[in-house]
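Order as written gives the chain letters A, B and C; numbering starts at 1 within each chain.
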């Protein structure tokens, strides 16, 4: 018991009005689905609501609604009018930010300070950013020439976008998908993750408040089969998926031979490289943020720490001291740093890989921390003495587990960092500018954070090399992915 | 264009011809070219030892071309990967100079291609296209990359970088312009390529152009033979990052290749519906094999 | 511990050695440090934790008056307030110290006699420090002789910024000696050092020279204390303890006016330096108006309703 024991500081749940059951959001209204499933709070295993499960027929209804909305209204609406709808949505997200944050933390298990300070504001910012693109599409495509020779004609949208998003940033990933799609003039059918449907359904209400024309946004809840129905629907023109590399492969295969355009944002095993001249205290923060932010449920998490041998001991000591101050527990407590693991399934996967880490001879360490009895929890964990051959150095754990490796020279750091089929992100910590730029050049990763980590912005393209997927989200690049060039 | 036809008839592949000044009694036997593969800057035979007969437009035998095998594809990937680091790391200015040099060399060998029944206009177009791409190498980053005004004290820059090793099924026609149209954008963007083609004479003659153009060995590798046989090995090869099927007419093969490529999430360009190789290619042939790398750094005193 | 101290004593052998050492300290990334401080600033301290923190903060206040207009009457009133911050509530603890100019030390010493409250005096040509060393030493000795048991000195920022580290070091050593048994707080005047790298270097310099506390500011230069600057200094004392085994205190001063701010500092002390520093012996607030806000918040917690400034003494 420390001298300064912070009293519980829970955010009130009363702002969220949970309904006992939720339907599918098709053509502007909530309708029954073929089946239903329960959605829970991973922090307590409490059932929050019953949610409709969309069958293939339900998905077909949604795609038809999206097609009609595309052809009758949205695809031909002047960009500046579409823009105003998106600005409206951005504003409503900001207005209802507290409600969205509480609901996100309830359903996902992430700390309220993250949903409040990161997920929700960034989601609003994405809509605000892409809103401004809607009437400027010709500027989004370099060298754009209208096919009919008339200047001023816009690049065309693709049509109906089928979007499947993960459970780690439910509302934010929704924003990453829907905002550029709508700005470009597409309509969407979006499937939220099975375990985190609630903020997407609240977003459906926001679409109603914004008076978005029916069918422009359709939300179909369900599991993998529902997602497959969205991706495989023949009348879907664009597929956007964020999730595992395993499912990414299946999607890439499924769309082969079709005309569907695809963006895949998949797994990662990012190296976070700390040189001996790094600003150590900020590097420690960056490492902690890199792997424990959002319980490590982050595709771009800095899950491999590559530290220069000459500072490894000192750095690890600082890191452990810092980890001991992490507060694990109730996601709704404003002082919680690390929340609940999103599902029992994910928890068992993390546990299994951690067991493998120990079995393979790496040394496991966690700070003393009391975990709640109910719900899904995993203490922040580091493995030292890890080598490239260990499975915990190669496989994406998607949890609060850091593998620590060392290097001696910059060349060795780059070689180890790139020695993975993934290529989503990487970190560099050094106070030497020329070294940072040289290393950044050599890293095969779509996002390189130098002297920072896990920073996101609507203007900044995000996406991977190699098996981390293809296409970019964010910025002009993210918009181009929804336009017929 | 009768004049060109005449040149064609005088082609280097003609079996015999009498040259002015030679002794009249013994007609000089022409020296034929052996059409081999082009891998890592060298011209090896297929490791399989196989060749196939190439005929001219009149059905006359002109050569036994090397028929590339699975192992040749494997060797080509090794060569392309080995060349990738240096080529992708070369300055944009340098890459532009090298691609321009290809155009210069091609201009010098213009007649050779015409002799291979490539229409002169196509040769000219191929040369001009190389010049166009040569100029792109140091402009791409400014056109498709740039600074991102993030909401915070950070410097944030997106730059295009090559995807890596790209396998290309070259279009059957037009032979030269088709080849140049698939090779030039990939290498101008900094990738290294393995091209499968069924036009061995034009392709290997182009390889001779490349070999004398300061193109580092392994940046372009050319396999002659059957796409149906070789391409699946490249599509499923884990060390290949991209697959260009724009020139592939066989929809069934294209589907199989795209499915195989999905296994390692390769960047795939699907077959073009009605390819017009003489049209302005736009940026797509380059951007298809470009990754966007975004680098963040704090700004603070 | 001597084993680790002895190589450190080597670093003050020469200007060059000291420069090499100070410039070899890990750099500070400003954006990262600011973000860390802001993050800690979002901690939500409620109910029992808040009550505990408010009482601790009161016990950490160096109740300060450093005005040209200070008079014995003003200083006596302040001392009375130091002894009994809330006359209506005997459970309210006294503050840590009174901080005054040397001329006011005799008055304060008398007013505080028997209270256990420390008496701090600024010295060394406060606030600019632009005086000959002899004057600074005399200033210090006079304050101690008059009854100050804590001396708040200013470093020569000009010498520091000009890179004459050894000069700054030797001056602190000399002042420390002049202090005798009095505790020495070394004011870095971080608002004039500007960069966080400088703050870290100056912190180490002051600690190497024997300072018992490192203090952010005189209160006469903006910006005075900030959360990130205090963060850097808390990291420095933490690392110095690890390296040498000697604990040094930290005192942010100037600009801390609200309970909310004070609690942010305490959270930072707790999570950066650790609970060893959650003690008036090791952490102080240089403040004047802060005290009344702490008292108002204390009353609010105890009674459940908001209080007003007229219910607390103005001194």
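Just so it is clear, contacts are C-beta pairs under 8 Å (C-beta built on N, C-alpha and C of every residue); 3 or more make two chains touch, one makes a residue touch a chain.
Keep in mind the model is a prediction, meaning the values are calculated, not measured.
Asks: Have a look at B-C versus A-B and report the one with more C-beta pairs in contact.
Replies: More contacting C-beta pairs are found at A-B.
Asks: Which chain has the mean of its C-alpha atoms lying nearest to the mean of all protein C-alpha atoms shown?
Replies: Most central by this criterion: A.
Asks: Could you work out which chain's C-alpha centre is the most distant one from the centre of chain B?
Replies: For chain B, the chain whose C-alpha mean is farthest off is C.
Asks: Between chain A and chain C, what distance separates the C-alpha centroids? Give it in angstrom.
Replies: Measuring from centre to centre gives 44 Å for this pair.
Asks: How many angstrom lie between the CA centroids of chain A and chain B, rounded to a whole number?
Replies: Comparing mean C-alpha positions, chain B is 38 Å from chain A.
Asks: Take the average of all CA coordinates in chain B, do the same for chain C, and state the distance between these two points in whole angstrom.
Replies: 71
Asks: So which bits of chain B are touching at least two other chains?
Replies: 154, 298, in rising order.
Asks: Counting only residues that touch at least 2 other chains, which ones in chain A make the list?
Replies: Chain A, residues with two or more chain partners: 451-452.
Asks: Which residues does chain C have that touch at least 2 chains other than itself?
Replies: 29, 31-32
Asks: Which residues of chain A touch chain B in their complex?
Replies: Within the complex, chain A contacts chain B at residues 125, 142-143, 245, 248-250, 252-253, 256-257, 259, 264, 266, 421, 423, 436, 440-441, 443, 445-452, 455, 457, 459-463, 465-470, 472, 475, 477, 485.
Asks: Over in the complex, which chain C residues touch chain B? Could you list them?
Replies: 29-32, 34, 194-196
Asks: Where on chain A is chain C touching in the complex?
Replies: 2-9, 113, 117, 277-282, 285-286, 325, 334-335, 431, 451-452
Asks: Within the complex, which stretch of chain B touches chain C?
Replies: Within the complex, chain B touches chain C at residues 153-154, 298-301.
Asks: Spell out the residues on chain B that touch chain A in their complex, using ranges where they run on.
Replies: Its residues touching chain A are 89, 143-144, 148-152, 154, 156, 158, 163-164, 238, 241, 251, 254-255, 258-259, 261-265, 267-268, 270, 282-284, 291-298.
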